[in-house]
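If you scroll down you'll find the structure; I have some questions about it.
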Amino acid sequence: MSGVTLEKIVKRYGAAQVVHGIDLQIEPQEFVVLVGPSGCGKSTTLRMIAGLEEISDGQLSIADRNVNNVAPKDRDVAMVFQNYALYPHLNVAENIAFGLRIRKVKKPEIAKSVSEVADILGLTEYLDRRPADLSGGQRQRVAMGRAIVRHPEVFLFDEPLSNLDAKLRTQMRAEIKRLHKRLGVTSIYVTHDQVEAMTLADRIVVMRDGRIEQIGKPMDLFNNPVNTFVAGFIGSPPMNQFEATVESSDAGPIAVLADLRVALPKLPQLQTQVGRKVTVGIRPEHALITPQDGANTIPVDLDLVETLGSEALLHTHVSGNPFVIKTETHGDVDHLYGVKDVYVSPERIKVFDGETGDVFVHPTQG
Amino acid sequence: MEKKFSWLLQHLRREWQIYVLLAPTIIWFILFLYKPMYGLQIAFKDYSIFRGIAGSPWVGLEHFETLFGSDTFLRALKNTVIISALSMCFGFPMPIILALMFNEILNQTYKKTAQTLVYLPHFISTVIIAGVVVTAFSPSAGIVNTIIGWFGVEPIYFLTKPEWFRPIFIGSGIWQEAGFSSIVFLAAIAGVNPSLYESAVVDGASRWQMMWKITLPSIMPTIIIMLIIRIGNILEIGFELVILLYQPATYQTADVINTFIYRQGLQGGQYDVAAAAGLFNAVVAFVLVMTANTISRRVSRTSLW
Amino acid sequence: MTNMNLYSRGDKLFVVANMVLIGIFALSTLYPFIYIAAVSFSSGFAATAGKVVLTPIDMTLAAYERVLSEPAFWRSYLNTFIYTIGGTITSLIIIIPGAYALSRPQLIGRRFWNLVVAFTMWFNAGMIPFFLNMRDLGLMDSYFGLIIGFACNAFNIILLRNFFESIPASFEEAARMDGANEFQVLWKVFVPLSKPAIATVTLFCIVARWNGFFWAMVLLQDESKIPLQVYLRQIIATLSDDEEFAATLLTAPYSVETVTAAIIVCSIIPVLIIYPFVQKYFNKGILLGGVKE
């Protein structure tokens, strides 16, 4: 198995630069997810790794071999496309075998590989069918089968689940994860869905406007976003953010927004920021509806309660800013309609620079 | 410069196969369509087969002066425009009417059968069309004279009468193409949003009203585009059918530019004068087509090209 | 709505009247063919006297016997098959790869090459320069000349190119990653995916070849190479003033009209045979593809 290394990878279309020098080291057997809003350059980056787009600048290596000028077929990578790109005139077995046939693999060998792959993916009984006669999930599996059968060094996934309905997506997500565990092939996966990123990735790469915003394990990104963008992108519902001014008090730094005063974590830098604008971030999960020792009490105006089952989302306002709270229902939502205050521990609060959006972290963590 | 060159070299090394695939097409176009454009210069030369295209001496606009001083050419030009305009007046609405009518047929089998029948003549060769016309209009044996005979009319030698050439020519054109041309309009009708009809039904519209108030306005852009194309091609006449149907007795109304070119050039050997007539035809056609395209771009916002 | 009970009386009248009118039009389209068929099976005397209207009069196969006993008829029939099959295959061999290449975004000068093709739809040199060019190329009076000289045209290339362009890029990309080269992408992916468009183009080629007459008449001098259409035209043009033939008519059971009609029937039959197979493609809207650009 082999890793993938991107060094200062740049993509230009004429004068327009869409990827601005990406550095990324992907370890062998790692599952890395590139995530970001549309137009962030994640797909372009993936396609450069695949060899479908020329690399304008920088170096790309797969298994310690520079592949900048290597044709896609010789890079030893396989890709699963968003629309699957299954050939409608070929049946499942022929679709899976296509790459092997092109490479002039011997027939008995092809038959063996195809049946192995079909077995892994549970496609054995559909081998004679045409793609048109398959369900969405089955087509998705065939597309993966076509990638697996070649035993590539690296799998590339380009939003492979976005054409499926929500239920199937959850199911296929688990299947991809299971498959990765079983085969242990280095995988690079592009999606705009942060849930997919969180559930699948060993490491997530958050991208915006052709740049990497943050790289880290899913929980690192969730707990320690480096800026307001990552904080807003990772987590569902996203982190509540509102602008406030830093002031100091006897108990430490506080954020002031109109008549609301919120105690902040005791970060040394904040002492020098008095009077500055900051963005205060509070995760919906971290706003509790039961009183806590040493927690801020924040009065909220409840707009509506969204019941999800074991959990509920309370859509509220705090001093005119929308504020979402996620809480357990314990089987009953009636009591949630009486919520007037929420309690947030200062240590759970994230503080970001009002101008740059960068997070303030404790010096020992930094 | 060198960087660009090495990039090109690399591109060709990787993508040479597309150029191999493209080559036969481009070679064919150069050899059979662009090389003759080079040969068009004989319109300005005193062409002789022995001296060849390049070796023949220039004569300027002499051939064009000859043409425009020639009654035969001017007659051909006039006939071309008249025949074209008449076939447009009578031939253009037919496919639209047919498409609207086909659209109102509910029984699919009936519709398919009728369509099969009216498309068929499109696939029949001009020679056969001419053969059918000659047989049907024959003075002694033809069905047309048989029928008018029932009403006591004396047999008419249709194909030798100049006044009958245009109606026969245009009529056979409609018979051959009206059905097949309706496909374009049927496709446009198929693109009309069905909920328009559903809401009209709920509002109590009759089928006649729906045809006039929904279907026809919806396909108007297609109609306008097709009309503009047609105007752009006004010099294009199915001259093969003219060659097959006309005779010296009917030249007066039947001779068009392309038949003139055929007689002067291919039959008479006056290649240079005929080429000049062809060049005139091609230039006028080019200007008309380009104008038509510009207009259609304005009208429909989607140009033909 | 297909339930007639839901219609008002006016609508019912409209629908029925419309069906009747379409029926009349369709039958009048068909009538000339019926008439010709009836003439071809009638006796020469009945045809010449103008007695044939709908069905054969004095039913006889004499005209067909006369036509089918003519070696030149069979020769020209065979020639038409040669031109049609050879010409269609040649056309596809040039058009399919060309249209594919013109649809590829990575082709350098793609706009220019497309213009080279499309320009010929708006401007062409015309009959005389084309004829002189064929003569200069030494392509007169040969099977090869007639086949290659009309192998290609802008309309078919553009129609097919538009279809290729509508195929999602991921099909090509997936095939490329699987190791397919351009030839394999075209042959194993694009051609099978484009069956309706290729069928349409093939149909156009076949029809054009089967019916082509003008250039065959102009370019071919050798009687043994002429296609059926040129033969038919010669028969129509010469039968009537061929004195020897006219002399035989006095005693023969056929006439100019019945012989002409018989040749027409023989020449239409292959068209009628393939017509049902290709007809399903007419309504797929693919024909529109050629109208745009």
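Here the chain labels run A, B and C in written order, and each chain numbers its own residues starting at 1.
What we mean here is this: a contact is a pair of C-beta atoms (placed from the backbone, for glycine too) under 8 Å apart; a residue touches a chain by one contact, two chains touch by 3 or more.
Just so it is clear, the structure is predicted and the values come from calculations on it, not from any experiment.
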item: Set of chains adjacent to chain A and to chain C; value: none
item: Chain whose mean Cα position lies farthest from chain C; value: A
item: Separation of mean Cα positions, chain C and chain A [Å, integer]; value: 58
item: Intercentroid distance (Cα basis), chain C paired with chain B, Å; value: 16
item: Separation of chain A from chain B, taking each centre as the mean of its C-alpha atoms, in whole Å; value: 59
item: Residues of chain A whose C-beta touches two or more other chains; value: 71
item: Multi-partner residues of chain B (each touching 2 or more other chains); value: none
item: Junction residues of chain C - those touching two or more other chains; value: none
item: Residue ranges of chain A in contact with chain C within the complex; value: 50-52, 71-73, 77-79, 81-83, 85, 87-90, 98-99, 102-103, 146, 150
item: Contact footprint of chain B on chain C as seen in their complex; value: 1-2, 4, 7-8, 10-11, 14-15, 18-19, 21-23, 25-27, 29-30, 32-33, 35-36, 39, 47-53, 93-95, 97-102, 104, 106-108, 113, 116-118, 120, 122-133, 137, 148-149, 151-152, 157, 181-183, 186, 207, 210-214, 218, 229-230, 232-233, 236, 255, 257, 260-261, 263-264, 267-268, 271, 275-276, 279, 282-283, 285, 287-288, 291-293
item: Chain B residues touching chain C - in the complex, by the definition given at the top; value: 8, 11, 15, 17-19, 21-22, 24-26, 28-29, 31-40, 42, 53, 98, 101-102, 104-107, 110, 113-114, 116-121, 123-128, 130-132, 134-136, 138, 140-143, 145-146, 149, 175, 179, 183-184, 186-187, 190, 201, 206-208, 225, 229, 240, 243-244, 258, 261-262, 265-266, 271, 274-275, 278-279, 281-282, 285-286, 289-290, 302, 304-305
item: In the complex, chain C residues that touch chain A; value: 168, 170-171, 173-180, 184, 188-189, 192-193, 195
